[in-house]
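Take a look at the structures listed below.
One chain, subunit A, links the two complexes that follow: it is found with subunit B in the first and with subunit C in the second.
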Partner chain A sequence: MTGTGPVLDVQDLHVTFASSGGDVHAVRGASLQIAPGEVVGLVGESGSGKSVLGLTALGLLPRKPEPRLEGVVLLDGLDMITATDEDMRARRGTDISAVFQDPMGSLNPSMRIGAQVAEAAGGATDEEVAEMLAATGIPEPEHKARAYPHELSGGLRQRVMIAMALSRHPKLIIADEPTTALDVTVQAKVLDLLAAASRERGVALLLVTHDLGVAARICDRIAVAYAGRIVEEGTAAQLLQQPHHPYTVGLLASRPRLDGSIAGGDLPTLPGRPPDPRLPLAGCAFAPRCPAADAQCAGPLAIHVNGERRNECHHPGVLTRWPEGGPHAGRRDPILLKAPNPVVAPAMVRGVPPEPAVVVRGAVREFERPKPFPFAKRPAPFTAVAGVDLEVPHAGSVAIVGESGSGKSTLLRMIVGLLEPTAGDVTLGPGAPPQMIFQDAGASLTPWMPIGKQIEERLAALDVPSSERGARVAATLEAVGLPAEAQTAVPRALSGGQRQRAAIARAIAVPPALLACDEPVSALDVSLAAQVLNLLCHLRETLDIALLFVTHDLAAARAVADEVVVMQRGEIVERAATEDLFTDPQHPYTRELLAAVPEIHAMAVPA
Partner chain B sequence: MSAITRVGGPASRMWRGRPALSPGALKGETVWHALIPVAILSLVILIAPVLAPYGGTDVNPVGALQSPSPDAWFGTDEIGRDVFSRILIGIRTSWFAALGVILLGTIIGGLIGAIAGAFGGKVDMVLMRITDLFLSLPAPVLAIAVIAAMGPSLRNTLIALSIVWWPWYARIVRGEVRALAARPHAEAAQLAGVSRTRLVLKHLLPGAAAPVIVTMSLDVGNLILALAGLSFIGLGAPPPAPELGAMSARGLQYLFGHPWVPIAPAAAVALLALAANLLGDAINRRLDQRTTR
Partner chain C sequence: MGALVLRRFGALLAVLFGLACIVFVLQTVIPSDPARAMVGANASQEAVEAKKAELGYDDPLPQQFTQYLQRLAQGDLQSSLRTRNEVTADLREFAPATFELAFSAFVLAVAMGLGLGLLLAGGGRAGRIIRIFLIGGASVPAFLTGLLLILVFYSWLGILPASGRVGDNFIVPDGPTNLLVVDSIIGGTPDLTLDALKHLILPALTLALLPALAIARTLSTSLTQVEREDYVRTARSKGLTERTVLLKHALRNASGPALTMSGLQVGLMLGGVVVVERIFAWPGIGLYIDQSIAYSDFPAITGATLLLGTAYVLVNFFVDLTQAWADPRIRTV
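The block that comes next holds the complex of A and B.
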């Protein structure tokens, strides 16, 4: 309608939710413009208000608790704040559409894909539906149109969502973490598809993500959200090569990267945490965590606009690199953690090379498949791990990378003893039995038991005398960077990062010979992930714990591992020292994995 | 909302400011605290008969079938017993009988459900098929059979009801335990070296507490009605014990001339069941709030 104006114009948006603990200020005066056909990334950690901003533009904010909205959100001329539900509904689909993180939750499980696409398009023939599906790179579109959502892979489902989002030729698509739940190779393809669809059809795209790398891959312009404000904005190149706001600098630095950072070296971390969303802000919200902050920063906001670039730093550009190391947990005296009990002490025989933490020979694991119907012949078992040899040296660090379904988690579970191998041997080295760190730390802690009790259980199981347990628990909590109060807290009272630290504390209360980590940081924000990776590396050095690290995140693997093993369809296709694998990958699958990683190239910020 | 209020970060300095997602959790409140109102009501019902102006079985043939008056609030029955006093005692009997059946059902059902859920496999299958067998028995018919075999008494009525009541609890506990056993926290505890017994008692069973308590509290009303029903058809305590269902049944013949005799105990049953249900709903809401944050 307006033609030349921005398709989305957000001005000084405030979104406040009432809660029992006081008002939660989710967005505190954010402004953002998107021109027709532009691809814009909105990057921030959880709690930064980025998703709330996207939902406001869609008119899809939750009704409960009731949000209070101030400011202007113009969607192609229509103010979404004052618009009636009917107006907004009319705009969704035709002017604006959305792609969310979980396509399974957005698709109707009992309706065929084709029917859902036709519905989203407001009526379409089978041929048109097939065309739309084909345009998003879905193979055999006529066939897939007859499938139900659960019959498709995650990547295909997300493509269906994109086909639905594009079906009515909207002016703007809001994609909220569209690839976060996908494997890295699939992630790259879906991102490229989104970018290509947007460029070909002139559809503007707002990509909401926590991952700067994802935004860097496809975005023209990037806006960085922090504590409900857009703290920095600029073209992707400007922002990545010359960040002006210290928060952007910190975000860039704490991202494990494929080039540069060396295993064992600490990733720079952002100390502290975002401000409490219930408290009013005075001055720069980032100042308490900022190495370059001074008295001025508490004063009125300084907003600098220069052409495309905009930032809210009092001293823009003063910080060009994040200081090395930074205050990071786990630097304290780890001696208390050394097992006093010789039975569980890591084997260190003078002069003799220590035995490996684990040796796996010819491990096979099959799973029975259910019968398709009663009295049917049982189908051949599914082979998750097909004959794998693996060795983790004493105090070594090995990463297993691969996509979901590659058998990497099954292998890990066999090694720690949660699964019996169908064939082959797992031989553990001397020392305390292996421990495991799970992806979802919250789920790996017993919800109703205080953290201290859960750590104590581990000590009791290894016959640490009860008189020593209290001190050991306290020392362990300190070693992982948790406050002493955590001892009496139940998991729910902790934040995500703190829960993962608590899970690590339990695992290392008596240092095991091997610590198996199953995607330990993939559920965490970038800066928290860096802290946890650093902590793991640090514990490995101080406690002689071998790490076996399963991940789909190659950059994280590079940050912690000496050796990387690549798994595909239950087999190891390549293994190499970390540096060799990243500089000179041999197997085509490894090359594909490496090429797919969303990477920020040519950054001025040294790691 | 949790995504918006979630915060991260390590140091202790940050500890104080973080929003408490669950205020109860920080105060060390457990699911059992939800039962405090039940305990208070039980206490009131327990001491209520002290207020009864007359004994429950005190006969006064001269003052039979009196209308309600300040001397006898709900009048007297056909042999001159004070209906109000009998109702206060009858309420106590019904209430604690209901609690007793529920408690027994929870203990038996909880034990069988926990064993079935924790062991799984064949043990699970055998125990759950037995449970299903009991579930398939129709409650009134079974009660009649038990009482016919053992003679009418309150104790036998309670035995009959317990036999049909426990399987529900077995199913709930077994389902919760199995669901929790599949969570990573059970595997993590196993890896930490926790014994099997401790795993079930400390890491699995407490998770079943909330749904069990909700079912228990919603069941009190059901049981009061079931007991009154059995007692109404003569399967409760034999006369002269003051029991609400039986009082109502025997008073029916005076319904038109002296309506307070059958209606007062019937109203007492209705009010007691209503109170129990309201309490159950309140407990349900409170625990629901806790689990959904």
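The block that comes next holds the complex of A and C.
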């Protein structure tokens, strides 16, 4: 049935993984159609089942734990649930192809780019490969075809992935978070390339993403996934301007935005967490978190279909605006954690103006390059940070923004003492030594050690008497919004957001004068990211901790920082109070960064 | 790549120098009296002293060391106390047999390790059975394996010979390589080639078995890890067959740890050669060392040690280069 029918037709799909803790229901009755040439966004948080749906269409679900599939997934007429492995394999590449999230890991590291593209094309000459690479905007395609993946930037690698996905003119491309791992300026270009390429060639595109802004930028139609179902679906304009499902409203509200509509206050956050995928669902899965929920919502699902729009809400459109604040708004009362610690800010006690948390003067950091061969003259070192002055005031908040390679992380590492500056000075203010929060909280926690022990270790290192440690651990966990049970849990048992809270708990158990955060929320879902950003702001206020925040996410920077510093090629090109920088950027590079952020425009929410 | 070869070659020379130093230290530290051994137990004390002076054992240590290095540089390993021949001449006679055995065993170990590793990583019933077999096999020492193989293939089945390099009814050709299989092929005597190969099978298998198991386990572990990599998923999304995905994308990227393991196993094999050559009466360096130890024949022992050490370092030099070939990211480091 090629031709006019949908290229992908998912009907009542259920995907269940068997696990020792009970069956995990990843997808619970999702339906979605994609017409030939259509660009559809599938938006949801991690655990919503969006990626599983994409992989099911590709026939590439992981084999362990073994998935159980029910429903129908018709790829151009072939049911990918009942089809044999061989039939599915034959469709991949020719009918359906994929662009995955991590361009670093998605290309074979030991094969030249050109060979990988030729393989995807089912055999191609060097000229054809160069043409394909050129078509995705790769400069010097003949030269790049001879390169290995590690020799290319993330953006170029993702273009190679796109070239491979397009190489056999498939009917559908599944793009799973294709730009999440890229710098913001590159993100926009890669997204536009993907959309343009699929429109020109009439290739349908399913863009799986957690970011409504990314979907809004290129999609005709958007489907919102929650707890394994598609809870709302409609044209991009409909969904963004007049969301019917409260979850969509919440997603839109919790996105940190550049236009400053939440200035001074908290980012709105969705209360609670998505339902446990191991438990059966009765009624609407979002009801426990929904401000508009009532007794009806626990009953059978209400499914409304109206032309292109579809939603699964008993009260569609009732909620037009997410209520102010979140559960965290009520938690602004100070948490007593700092009282028994005399090392914190002695200057405050004496009534002297507090010293800055850190002062950086003329910091330079060079990295030596390896000699090309023994006895060769050593090549000129690579300068990551080229003479930077920076000051973070006591309990202040400064964000450093820039793309990868701008030197922002190197600067941060020099400040916390992980790297020695080649030249210049870093002077830390009084108080406990600085602590650091990393992007990947999971990797920054010791895997086998319970969270409570990890916090205790830190207390012991700073000579907190052992009699006080138990109480301090409990207070710290509470301060970061973790349940008391987290004390005995190992990191693996926590969710991504909880792990980041645990990492924060460890860092602030003895409040440092400076908390250095390296992309602390870029691995988190939107609503979780908002919660963590709020938490950092509250900790700053209640514990007098200065924040130094490295990020490529300008919206996040705006949410937490008083002052923003823009770095490019190891130098600070602009610094300004946050409001001024966003309303009146001076440097062209800052303007370029701002323009590249995927924004949801025209958010006219009817009253 | 060229720069990498140069760097690694520099490291190789440094390691060889270190090896020479260690051998010298051992030679001086170990309480043995080569001069006494050379002149014989009944010789007078004057004769021993005269021999000592002649051999330079009375010189101060630094001088002895420079002389030792000079001799090494000229390829002079002194004379064996037992055979009275130049050690280099002895080694030239015995080394080819050992090289033939060790090389065959190495190739066998890598081939078996590769095959078993692929089967193991494939999972399923075959994988599980092999895993049990591997753990069992890995706990059997080489001398026992050798005896078992002799028992089965020589004593019971009578299909393979169990001692020496060649049967008595053959005339061993004199060169050019002293590798029997190669020489017999060059000489155009297929009967001899076959007989030499038959003699090789059991000792090579004995020597190869443990290293093969180690390589297989390393390979299967890294294959299982690579299977989870995104680029393997990418390869599948291109519509490649499982076979292509495994052999073209997974195997090469998984080969690094297995190659490292292969290099390490060469060390064990060169040590194991002494035992295995004795079991199978294989006329190689192992047998030579074995006999020299009984005589405290130090020049012979150190000479053989230097040769085996050099072989080990050379093999690992090539393993390093193979790794750089397999993973282009190493080349720039």
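Heads up, the rule we're going with is that the second predicted complex is superposed on the first by the 579 of 607 C-alpha atoms of A that agree within 3 Å, B and C clash if a C-alpha of one lies under 4 Å from a C-alpha of the other, contacts with A are read in each partner's own complex, and residues count from 1 in each chain.
Throughout what follows, a contact is a pair of C-beta atoms (placed from the backbone, for glycine too) under 8 Å apart; a residue touches a chain by one contact, two chains touch by 3 or more.
Note that the structure is a prediction, hence the values are computed from the model and not measured.
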Contacts of A:172 with subunit B and subunit C, given as first, second, both or neither: neither
Contacts of A:417 with subunit B and subunit C, given as first, second, both or neither: first
Partner chain(s) touched by A:156 [first = subunit B, second = subunit C, both, neither]: neither
Which superposed partner A:449 touches (first subunit B, second subunit C, both, neither): first
Which superposed partner A:297 touches (first subunit B, second subunit C, both, neither): neither
Which of subunit B and subunit C A:97 touches, first, second, both or neither: second
First, second, both or neither for A:526, with subunit B first and subunit C second: neither
Which of subunit B and subunit C A:107 touches, first, second, both or neither: second
Superposed model, subunit A: greater residue contact from subunit B or subunit C: B
Residues of subunit A contacting subunit B in one complex and subunit C in the other: none
Partner subunit C, residues of subunit A touching it in the complex: 58, 60, 89-94, 97-98, 100-102, 105-111, 119-120, 122, 148, 150, 161, 164, 370-374, 376
Parts of subunit C lying in touch with subunit A, wherever the complex brings them together: 2-3, 6-7, 10, 229-231, 233-241, 249, 252-253, 326-329, 332-333
Of all residues in subunit B, those that touch subunit A in their complex: 1, 3-12, 14-15, 17-22, 25-26, 28, 30, 183-185, 187-195, 198, 202-203, 206-207, 293
Footprint of subunit B on subunit A - complex, ascending: 17, 19, 21, 24, 26, 45-47, 49, 51-52, 62, 65, 271-274, 276-279, 327, 329, 416-418, 433-436, 438, 440, 443-449, 454, 457-458, 461-462, 481-485, 488-490, 492-493, 495-498, 501, 503, 506, 524-525, 527-528, 531
